[in-house]
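In the two complexes that follow, chain A is the common piece, with chain B as its partner first and chain C second.
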Partner chain A sequence: MKGMSTIVKTIANIGFPIITIYGLYVIAHGHLTPGGGFQGGAIVASGLALLAVAHGTSWVESKVKEHDLSMLESLGALGFIGLAFLGLLMGGAFFSNFLVDTSMLFGAIPVDGAANINTGGTLPLMNFAVGLKVIAGLFAIVLVMAIATNKEED
Partner chain B sequence: MNQRNILAAAFLTIVAVFLMFSALFMHPFGEPTSQAMDQYIIDNTVGETGANNGVTSVVFDYRGFDTLGEATVLFTAVASVVMLFRRLKK
Partner chain C sequence: MILLDAIHIILPLLMIVSALIAVYLKDLVAATIALASMSLLLSLEFYILQAPDVAIAEAGVGAALTTAILILAIKATKRTEEEEE
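Let's turn to the complex of A and B:
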């Protein structure tokens, strides 16, 4: 795929930051508003797929390697399982929410039932881990498929 | 009619009778089978997990093990697709 016209590239360049910020917002506010790691990750990955379609796969391949994407995905999975085992170590149960009601990051307790960005215990951290995993995983799928079908044509 | 068709018809009748019996004793449509768990999660989500989004607290805290399986499914899918298409590229 050689990439599309200048109009498409410009529109994709304008749209990409907006889509990415929206997806990261959905991930970061996963414990407050509808959405979470899976949904926000899918939004960010769709923005990256938009870039890949507009600019062509060879352009994207020169910026990021699928090897790094696989590594990021494994990192997200390891973070997720690591948080679960930390719950086993510190909270006494697998997936125990050991951070809630402590003075640490994300450990604040909601006042009058209104949570904010600093509450939720391990939930925001798990959202970040799953979000990283979904972004890297879905974009790796799109990129690898685009590259493989591209090589067949020419 | 051969023997096989008669056997199939008998089997079908038995299954249909069982299904109709279970349909007679079915729960009223739209009502949850058990409300104790729902009410517990609605009452205690904010206090126990500090999250306003009850779905996230269920997915990542109360039912975290289920999400672990979900993440494993995604990981397997990505790994297999990358493996398959990397071979196709060469």
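Let's turn to the complex of A and C:
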């Protein structure tokens, strides 16, 4: 599939960074506000799908390979389950939140229920892992669909 | 809240209308946009029902990703639906 017109490409180029930053915000604030790894990942993947539809299949195919996407997806799953087993190792239980109430990243305890990004222990890290997996997985679905329909045309 | 009750009745009716439009349209890209608007109305209904998590997921997957996949599929085939005999 060839790309669309210049108007569509320009609007997609302007909209893509805004959509991506909003999706990363939803992932990073997953333990405070509605949303989380899956929702933010779906938003980022929809921004990538916007680029893929606007610029055409061959342009996207030259930038990213499906093999790299499945590697990123496996990396997200490994990070999630690795954090869970790290809880078994350091906290004594599967999924134990060993980072909370320490001086490390995301280790603080919220005062009087006030929203603070530096809380939650391992939950934000698990949200990052799920977000990576969902971004790679959903964009791989769109990319496979694009490549399959492109082959059909030739 | 009489206004909220009215919205709870109006939104599903609009969803049914846009789904029927998606069925009856012969231009498949326009039908895809009608499906996306149905998904968007559904996510608004989820938000009113105090489920913002589900609303965000529905807006991302239903309105954006499904539309992209359907448009990619339509690009590889014909844009208009053929008349049945």
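Everything that follows uses one rule, which is that the second predicted complex is superposed on the first by the 153 of 154 C-alpha atoms of A that agree within 3 Å, B and C clash if a C-alpha of one lies under 4 Å from a C-alpha of the other, contacts with A are read in each partner's own complex, and residues count from 1 in each chain.
Quick note on the criterion: a residue touches a chain if its C-beta (ideal position, glycine included) is under 8 Å from a C-beta of that chain, and two chains touch if they have at least 3 such contacts.
These numbers come from a predicted model, not from an experiment.
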Room on chain A for both chain B and chain C (clash or fit): fit
First (chain B), second (chain C), both or neither touched by A:66: first
Chain B versus chain C as contact partner of A:122, first or second or both or neither: first
Which of chain B and chain C A:34 touches, first, second, both or neither: both
Angle at chain A between chain B and chain C, C-alpha centres, nearest 10 degrees: 60
Which superposed partner A:141 touches (first chain B, second chain C, both, neither): both
Touching partner for A:26 - first (chain B), second (chain C), both, neither: second
Chain B versus chain C as contact partner of A:131, first or second or both or neither: neither
First, second, both or neither for A:53, with chain B first and chain C second: second
Touching partner for A:80 - first (chain B), second (chain C), both, neither: first
Superposition-derived minimum Cα distance between chain C and chain B (Å): 9
Touching both chain C and chain B, counted on chain A across the two superposed complexes: 34, 36, 38, 138, 141, 145, 152
Contact footprint of chain C on chain A as seen in their complex: 1, 26, 34-36, 38-39, 42-43, 45-46, 49-50, 52-53, 57, 138, 141-142, 145-146, 149-150, 152-153
Complex interface listing, chain C residues touching chain A: 52-53, 55-57, 60-61, 64-65, 68-69, 71-73, 75-76
Residues of chain B touching chain A in the complex: 46-53, 55-57, 59-61, 64-65, 67-68, 70-71, 74-75, 77-79, 81-82, 85-86, 88-89
Residues of chain A defined as touching chain B within the complex: 30-34, 36, 38, 66, 70, 73-74, 77, 80-81, 84, 94-95, 97, 100-101, 106-110, 113-115, 119-123, 126-127, 130, 133-134, 137-138, 140-141, 144-145, 147-148, 151-152
